[in-house]
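Please find the structures below.
Look at the two complexes coming up: subunit A is in both, with subunit B in one and subunit C in the other.
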Partner chain A sequence: MTRQSVLWTLLDKVESVALTLWPMKFRGATGYLFIAPALLLVGILLIGLGYMMEYSLHELDTATYRLKEAYSFGNYLFFAEQPVYLRILLRTLLAATLVTFFTLLLAFPYAYVMVRTQSALVRKLLLVSLFLPFFIGQVVRAYGWLIILGQQGIVNTLLVKMGLPTLDLIYNYGAVIFGLVQYMLPFAVLLIVPAVTAISEDMELAAESLGANWIRTFRHVVLPMARPGLVGAGIVVFTLTMTDFAMPEILGGGTTDFIASAIYDSFFQLSNSGLGAALSMVLVAIGSLLVALVFWLTGAGTLSIRSEAP
Partner chain B sequence: MMNKMNQIDSIKRRTALKAGAAAAGMMAVPGLLQANDKPKELIVRAWGGAWGEALKAGVADPFTAATGIKVRLDFTEDNEIKPKIWAAVDQGRIPPIHVNWDTSTNATISALRGVTVDLSDLSNLEGLLPLAKPAGLEGYPLVNTYAYVYVCAYRSEAFPDGAPTSWNVLLDPKFKGRIALYDDGIGFNPISVIAGGGTFADIPGNMEPGYEFYKKLKQNEPLLGEDSDFTTWFQKGEIDVACTISVNARAAQQNGIDVKWTVPEEGCKVDTDGLWIPKGLPTNEEFWAKEFVNFALSKEAQEKWCSMLGLPPVYPGITPPEDLVGDPSYPTKAEDFAKLVSVPSPVLVENQPIWFAKFNEIFQS
Partner chain C sequence: MSWVPNKQFVLWSLVSFSLITLSLPTIIIIGASFTAGDIIQFPPEGFSLRWYERLWHLEDFRQALLRTFIVSIICTLVALPVGTLAALATVRYRIRFQQTIQVYLLLPFTIPLVVSGIAMMIFFGEIRILGSLWPVGVALCLINLPFMIWSVTATVNGLDPELENAAYSCGAWPVQTFFSVTLPAVMPGVITGALLMFILAFNEFLVSLFLTDARTVTLPVQIYNSIRSVITPDLAAVSVLYIVIALLAIWLLDKTVGLEIFLKSK
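Here is the complex of A and B:
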């Protein structure tokens, strides 16, 4: 028996085993088999959410530091009655909106230049600058900003050398927004680039040849055609910002908590898993509603996903 | 050194006698003989920095030298290890650590939940100061190991005329944005009541003077953080004054940072830390975990551990470190404690969630 025939025999065996495990009549479902692991993971997430929902319906008994057996909406009522939670939630939503706006504003030109540039060197430089931050964690980046923007940081040192007074550049809301925009920018660029790549340069040339200047071309051709990337990037940046914990903690100085900090405090500082779960459910619900609203406003095909069968 | 050796020998002798007696009594039950089998290591949750170094040098290393059991310090945040232990005990799994070095308040919460092992049979409990006994709890579900004070730490450069005499310094507009508190008000909540014009008797029934003080303090834009933040902020010149544990201020000073501390006229909050063992450990591991806690209460361990921390131990008669003699942040006698504000752990456990909510409401606005 030659080596090749051994190989073929082996492959035949493998094929017959595969056919036994997955008969031909199931072939139409093969594609779904490949998404089974992903579905399983999403399923586990849903189980976790189910547990969270269950926890959220039990109040803490401070005599035993265990959740009470009885079901109630006490944790949700507590959330509604405490103005501080609403304030933190609004602060989080405002931050998510601002960060999304500024990130898209900065990311779109970056992505556009990276796709359209004729210079290989510029493209490489932009690509390196884009990917480099991914190798540095969010916490390290936040501490980096503390070093740069702190009282004895590079910026204030320069100001002092110029005879100017120092500025309070960290431990405030603005610093948190700044840090988050810097953190989110690469994500947004990566999501916008495919959309810009999909826009044929001929379309822009055609618009210009019909008399449109570059502003009109940009407004009526490039932006609408890049909408799937912008919406996708917007959703990712918005939801990531809404659930962020590290930037407000490190750059906020403790007084600009986001809802994630309130959830952490409930679970770990107060040992109140019921309240933490209720806050988490509120966050999930608001996030889901907002994303649904975006899809509703921008159309089902926004992300170039087919909405109906052909 | 001789004392140290004698102490270790004495522990070895005690352990050997105890093990021998236990073995003789258990001959009829061979399975239980494994109870005293030495584990390869004990995992002790600890705080990092100066705290961890003190536990290692004062307790862990001498314990290893005496017993041959390696001690691994686990620096998981105390609030984060808590749910892990609770889940393990509830689910019948082996807890992730053998001994938890915890604040007495957090340890009391775990005791109320019923996840702590009773330590009443530890031989070294005898003769300790009353401070060692957890308040409001039956027996010893935890044992307090030392007291500590939340002092007023300050940058001496910012106070050329001397130490601040009142906590009202935190309201001075000169220090706007340059003051710091713990991010949950821990260590300051009772003091805020007194600084706000109330009295100790108002706690916990009437916290309003404290809340009013916080509202004024909010105008001065304090930074809110944790132990490590304070050290960093002092080091980088971000703050001039803070309420923090004297250990942190002393460690910072020993590392060359311009920090001093004082006990202002309103007093400071005094609290305790303790050790506890989670339920659900294998019998032999629980036995040696108890031996570890027992060792931590011995004179030798208390002397070195607490001296390094700069904190008054629960073992009586230990001489304070030279630099802390006469320091009001190192209370040793009843009259020293009288100048400080001590709220029993059960009161803290019951009220801290309410205080925390109010603190958040004021400072997150």
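Here is the complex of A and C:
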């Protein structure tokens, strides 16, 4: 028997098994069969969230360090009454706003130049510089910044060699913002690129031939047309920043806690899983409300699977 | 007319700043890993491979690396069928509640990683599978699944349904059509997705932090724990491993589907 015929017999076998397991009359339901594994997999997340919701409704019994049996909203009230949690929440939201602003400010020119450049070499350089950090991960990148900006880091060693005093470049709010902007940049560029590609260069030429300088062309033609990409990138950067854990921990050194750190600490430092779960629910609620609000303001479909496929 | 700054100058200043910011940590890590000194400083104290050699003898790191590979492979193997079929289903088949299902499948993106991680930790703890490696792989697949679905969906959109109909009318059975027409046509998306899943699982830190313990710790968590104590050049050597793997993935992506695919508009 030739290899080809072995393959055919094998395919026939597979075909008949498939027909027994999934008869022709079910053909109309094939879509559901295909989607089922993904639905089940994501279902794990929903079950876990269900557990968390349940945990959040039980207060900690400080006598036994277990959650009380009785249901209550005590954890949520505790969150609302403690100024420390509101401060952390505000700090996180401010950081998310700043990071979104700076990331978009840098990502848009990057995407624009990458799409518009005539040189294939420049385009490749920009693409590789984008994918390399994207594929390296947050912890390793933060480690790189520690080497550069740390107390005994490269910048400070150079300063000492030049006879200058050292600077506190890490373990502060600015370092966390900077690290996050660098972390978010590839995400933002990749989300903005399709929108920029969709803008015909003729549009810009038309605006310029009518006497608009490039800044006015950008303001009135390019930016409005790229809006879907900018909004999509903005949402992703904002929500990812709001929920980030590694950068505030590594570059903030525990001095600038974000909500994610507060959740972690409630679970693992205070052993108060009820409070941690309640904080998690608050975080999910704020994130969902923001995304819903943006969708409502800008029209749905900004982030839908079909329109934003990379 | 008022003064207008030069367009190329403004754009390239911003892009250069981004380029430097994006590349600097990578370059510095590579440089630091070859130092002969005991601490990382600039200019480096001679050239040596001693930190790589030392790394090879650190059992902890070798074990963690092996576990990270296993976890990433599990993640990719789960994502391949699950993501590909889901992408085909959402684009090619008529399904009720299509919108709802799409939003549902985006849940891993919209729910913060810290929450997903703890939620899965609680669930896996309840069903007593915490402490083994495979649930970590499944969890990493779950949180990155939208990436897989995205990249396959992009190619499914470009596939002409008439090709499949042609195969049917030539007498091909469904399974045969699937493997000889549908799958080859969406292959670029499947390859991109699989690569992304592997790389993302290889890097994923936060969810792994919750789902691993001392016996199952993976490399990103191990690095994180080490960063918190003393920053020695052996960590730079570990990080270079990540850089090499990232470069390899970029090269593969460029060879198989071409990086320019990310520049296309839908």
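Throughout what follows, the second predicted complex is superposed on the first by the 250 of 310 C-alpha atoms of A that agree within 3 Å, B and C clash if a C-alpha of one lies under 4 Å from a C-alpha of the other, contacts with A are read in each partner's own complex, and residues count from 1 in each chain.
The rule is simple: a contact is a pair of C-beta atoms (placed from the backbone, for glycine too) under 8 Å apart; a residue touches a chain by one contact, two chains touch by 3 or more.
None of these values were measured; they are calculated from a predicted model.
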### Task
Once the structures are superposed on A, label A:Phe267 by its partner contacts, choosing first (subunit B), second (subunit C), both or neither.
both
### Task
Check the residue A:Ala70 against both partner chains and state whether it touches subunit B (first), subunit C (second), both, or neither.
neither
### Message
For A:Thr255 in the superposed arrangement: first (subunit B), second (subunit C), both or neither?
### Response
first
#### Entry: First (subunit B), second (subunit C), both or neither touched by A:Pro83
first
### Query
Thinking of the overlay built on chain A, is A:Leu105 touched by subunit B (first), by subunit C (second), by both, or by neither?
second
### Query
Is A:Gln152 contacted by the first partner subunit B, the second partner subunit C, both or neither?
both
### Task
Could you let me know whether more residues of subunit A are touched by subunit B or by subunit C?
C
### Message
I'd like to know which partner A:Leu94 touches here: subunit B for first, subunit C for second, both or neither.
### Response
neither
## Note on the structure
Both subunit B and subunit C touch subunit A at residues 150, 152, 267
### Task
Would you pull the subunit A residues touching subunit B in the complex into a rising list?
62-66, 82-84, 87-88, 150-152, 168, 171, 253-257, 262, 265, 267-273
#### Entry: Of subunit C, residues touching subunit A in the complex
1, 4-5, 7, 10-12, 14-15, 17-19, 21-26, 28-29, 32, 39-42, 78, 81-83, 85-86, 88-95, 101-102, 104-108, 110-116, 118-123, 126, 138-139, 141-142, 145-146, 149-151, 153-154, 157, 173-176, 179, 199, 202-206, 220, 223-224, 227, 231, 235-236, 239, 242-243, 245-247, 249-250, 253, 259-260, 262-266
### Query
Inside the complex, what are the residues of subunit A that reach subunit C?
11, 14-15, 18-19, 27, 30-32, 34-35, 37-39, 41-42, 44-49, 51-52, 55, 105-107, 109-110, 112-115, 123-124, 126-133, 135-148, 150, 152-154, 157-158, 181-182, 185-186, 190, 193-195, 197-198, 213-215, 239, 242-243, 245-246, 250, 260, 263-264, 267, 276-277, 280, 283-284, 287-288, 291, 303-310
### Query
Which of the residues in subunit B come into contact with subunit A in the complex?
77, 79-80, 82-83, 109-110, 112-114, 177, 183-184, 221-225, 229, 236-238, 349-350, 352-353, 356-357, 360-361, 363-365
